[in-house]
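Please find the structures below.
Here chain A shows up in two complexes: once beside chain B, once beside chain C.
Up next is the complex of A and B:
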């Protein structure tokens, strides 16, 4: 057979492959050597170094990094009111964006999962996926031009005697909600798909009005999926600095990290620990709420 | 579900508003790319193709496009190798710490990009003494692209039974032959879909790139970001933006055709939530 022919041409390869034959542990070790070198040594190692760097300082005169041990950065983060304000502003925006996305995403996901025809469903899935994958920066650019003084939003609102939000915190909230919306739609859609139709029919047959069915059956079952989606809207907002810079003058965790990385690397490292700590706390809460059980 | 006419109508209205919210900004960008005025004023006074030809003529656009393609291709190649190896190990073997592998693969996209960017840049410059360059960008991109390949291949391997591989081994095929003639053909399309998505992910990335790129280099997103603040360049930026959308949409559409796995295409982006959840719930 052809396979025989291939092998006889490559005896060395066969000997090499023979080494692994019947040795599952060796196979696993060989398979994982590369990935773990990359992800454990390089990536996890980098996160550990980041943690250590947070305790370093910068020489005030020369600007050189001093690799000592000091709580200076952590203390500054905890004690200086300006950083508390920035962290709270970032977290508050993350909460607002998450709630906004949940409210917009739910009807879309519900329609996709339980109301649309087979064809409509397939079309909607693609319609949600495509913008998810089209350039992040381009979408921010779109909003930047739309929100500008001469932009389409003011053009549409002026005849009504109204004025758009312009650049600022409202713009950040609006644009981030826009950017992360598909990240919320998809998990909710997946969660709703898993609810058997028979459960909904049973509720209806037992005389529940559509709203009652929604409130007592569908929403409780879909809630973990909403929480799963919120992990992304929350995490992505915490780390963003590009959008914040493009549509506002506000300081967020991300903008402070980005601007301090060249002058004060240890402080940037200390600040980067904030999203990590917040995300760990968030994941713990999400787990309690059952976000990971049905997915 | 049985819905009243009014409820159905309200729901349709909600979906319509949501979809308009998603697509109107993209439409605005497309319209502005053909706008004849140098100022992005609404409504555009006239139409032109000038910005596209200017974009294609621009040396810096062509260079940054090339840099982006290089970075994307190299990162995808590394991710293909590492993601496939990890996927085979997890899907076809049982060993201590199997769940940890999935967790590790997902971590770079579960944490905010800024954390990955700062951590890697810090390690390169402070610990390894490497100066930032295109190479460090590729390392950064490969780190978060592994998950896309991994998810696609694991999904495929879970659907194809391991008994084919056992049969192949029983019939006397070596480990390599089994891989070459049984495992590989069954995951070929999953690899292609994963590679397309990994490339799209890298092509669009800006946050990790900002922290890991050398002073003299620009990827296309970095070019766009730097020129956004120059009013004179804005119409060209807009034309480039349209080109970027088209370049990133094509691989995603192809990947969607290639992989019909549920969540395959969303892996690494929205569907990542499902993976994070699965992994955290695993032990």
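Up next is the complex of A and C:
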């Protein structure tokens, strides 16, 4: 009797294990079911819901969403000049922040990857990552204080007869460039690390001047990494609204979404499609430039 | 070699296609259920709310303006009724409406630009004032007003009222302004270019309308929240001219406090809350003094707040006890003095620490409130039976345009 119990238990477990035997596809499917459900349902799913919501409207008084198909929001987006101004302002700032970060990040990353000692390299990586340890909001509020009328920037510039930028678009550009810099440094650093030193030596042996080596060897090899970094800086700027609100009066795509989300959800959804479209275009260009080839 | 069974790209498209179909089905289900729930809640109108006060449920979830639910008077309420108070403060009326829609709260201190929306959305229930004994002695000019009574049914208990202030830094603004022209008239406001502080909310359009009502009688503005297209365009145009002079639009009280404290802003619209906070910090600020009747000559926008009970309240007895408590003479005096607004309860005037408080805040002076235009929800249908006024959606869109 006792043996029967053991016998009947074993095959059940074995049968379950046997189910996967010799079926690699099923194994993979079982392994990926959880993560892919997360990605598909929560991540892509919410994007699809967003897309659908953009075609709904709201009742003016109660603010209740009316579910029906209408191009009203999309039309408003395309026809009202104010939204074109806002989108262009956001994209322009994103481009500026990206260029600024690329220019600042490249020398730092190059020093980290090719010049610094092992110890110096470790210290620099920590230094680059350090700002990410403190809260985003704390950093922005610190900038707000620094940029204010009697803040430290004006205090430092006053003896030189200069005046800080104050709050405004320049402030947004400054703060966002500061905030996203680590996201640009790290990919470029990783990209430069992969370039063998022998290539640089070879270039020198063949008589290339340092600048030529940079222009013809290093930069082309590191360029995909710059583009990869730019995806971060560009998309993060495109979606930001807290910094914009705290250090400027300007409206960005993010601030308009934030202010319409409470009383006109479908319009906010329609607006949220703009960064998605811009990012798809950006990623297509990035792919052309080879950003995904070695990742 | 094994033959590949499916093309990876095709599989990916199949997944996306299936997903879209799945979401559409979900959306379809959502629409049918939500429409049925809204119709059932709005058909509950004409009812009288709770009929008999029961036992305390032991808990109460509130949405309030900052400074309305403070431990000083919430704790005694908890001790007295056994209702534990969980308070969530909101920064704007839009946020309050949004929070109420979650159905997780028992009540809200709604301003007039939220009440009509909450009633229309079926989020709040009529209030049976017979169960709120302290309601009897509330100032009569706060009862049965268009922002708390709909089609003859009471939807809330008045809490208190006040006017939005014109505040300035006396170090920068030498002679005390007597008119909103310092922020609204482009010529006068230009001298404070980059130093003007304006509330970041569509309700600012009403502020411009109050100014125009006084200075442009040809527009025939009656109520600054009931604007036809011509009047609306005039107000919006004024604010577009104001925009280059604005230093900062503030949506959070803390942001304005900081901007005045650091000298970035020097003049603009504010609430009593920020005014007192800045004075406490020792920042030089001034506002229209008693000799000017606390108001610039055009009058001002303001608020008259109402405690409303959610139609999905899980603790209705506690909410009724709260509504009665917050307008009891002692509690109403405390909250009014703390916040800096006129109490709703007439008997609160004997309980204030400052014995002149009610006189100073014109609690019992209906004539004063004639020049204060409480926040309202702008509607298309505005009194004349024609739908020719600009509704709130238009106000919101215009506000985006004004900021550019």
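Definition applied: the second predicted complex is superposed on the first by the 253 of 295 C-alpha atoms of A that agree within 3 Å, B and C clash if a C-alpha of one lies under 4 Å from a C-alpha of the other, contacts with A are read in each partner's own complex, and residues count from 1 in each chain.
FYI, a residue touches a chain if its C-beta (ideal position, glycine included) is under 8 Å from a C-beta of that chain, and two chains touch if they have at least 3 such contacts.
All figures in this text were calculated on a predicted structure; none of them were measured in a lab.
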| item | value |
| --- | --- |
| Residues of chain A touched, compared between chain B and chain C (which is higher) | B |
| Which superposed partner A:256 touches (first chain B, second chain C, both, neither) | second |
| First (chain B), second (chain C), both or neither touched by A:108 | first |
| Chain B versus chain C as contact partner of A:123, first or second or both or neither | neither |
| Touching partner for A:287 - first (chain B), second (chain C), both, neither | first |
| Touching partner for A:150 - first (chain B), second (chain C), both, neither | both |
| Partner chain in contact with A:44 - chain B first, chain C second, else both or neither | both |
| Partner chain(s) touched by A:61 [first = chain B, second = chain C, both, neither] | second |
| Shared contact residues on chain A - chain B and chain C | 40, 44-45, 49, 65, 144-145, 148, 150-151, 246, 261 |
| Chain C-touching residues of chain A, taken from the complex the two chains share | 40, 44-45, 48-49, 52, 58-65, 67, 76, 80, 82, 85, 144-145, 148-151, 166-167, 245-246, 249, 251, 256, 259-264 |
| Interface residues, chain A side, partner chain B - complex | 3, 6-7, 13-14, 16-18, 20-21, 24-25, 27-28, 31-32, 34-36, 38-40, 42-47, 49-50, 53, 65, 104-105, 107-108, 110-111, 114-115, 124, 126-139, 141-146, 148, 150-152, 154-155, 178, 181-187, 190, 197, 200, 204, 210, 213, 228-229, 231-232, 235-236, 238-242, 246, 254, 257-258, 261, 265, 268-269, 272, 275-276, 279, 283, 287, 291-293, 295 |
| Touching residues (chain side chain C, partner chain A) in the complex | 15-16, 19-20, 22-24, 26-27, 30-31, 34-35, 38, 92, 94-95, 97-98, 101, 116-117, 120-122, 194, 200, 246-249, 251, 255, 258-259, 262-264, 377, 379-380, 391-393, 396-397, 400-401, 403-404 |
| List of chain B residues in touch with chain A within their complex | 1-4, 7-8, 11-12, 14-15, 18-19, 21-23, 25-26, 28-29, 32, 39-43, 78, 81-83, 85-86, 88-89, 93, 95, 101, 104-105, 107-108, 110-116, 118-123, 126-127, 139, 142-143, 146, 169, 173-177, 180-181, 197, 200, 204, 206-207, 210-211, 221, 224-225, 228, 237-238, 241-242, 244-245, 248-249, 252-253, 256, 262-263, 265-266, 269-274, 276-278, 280-281 |
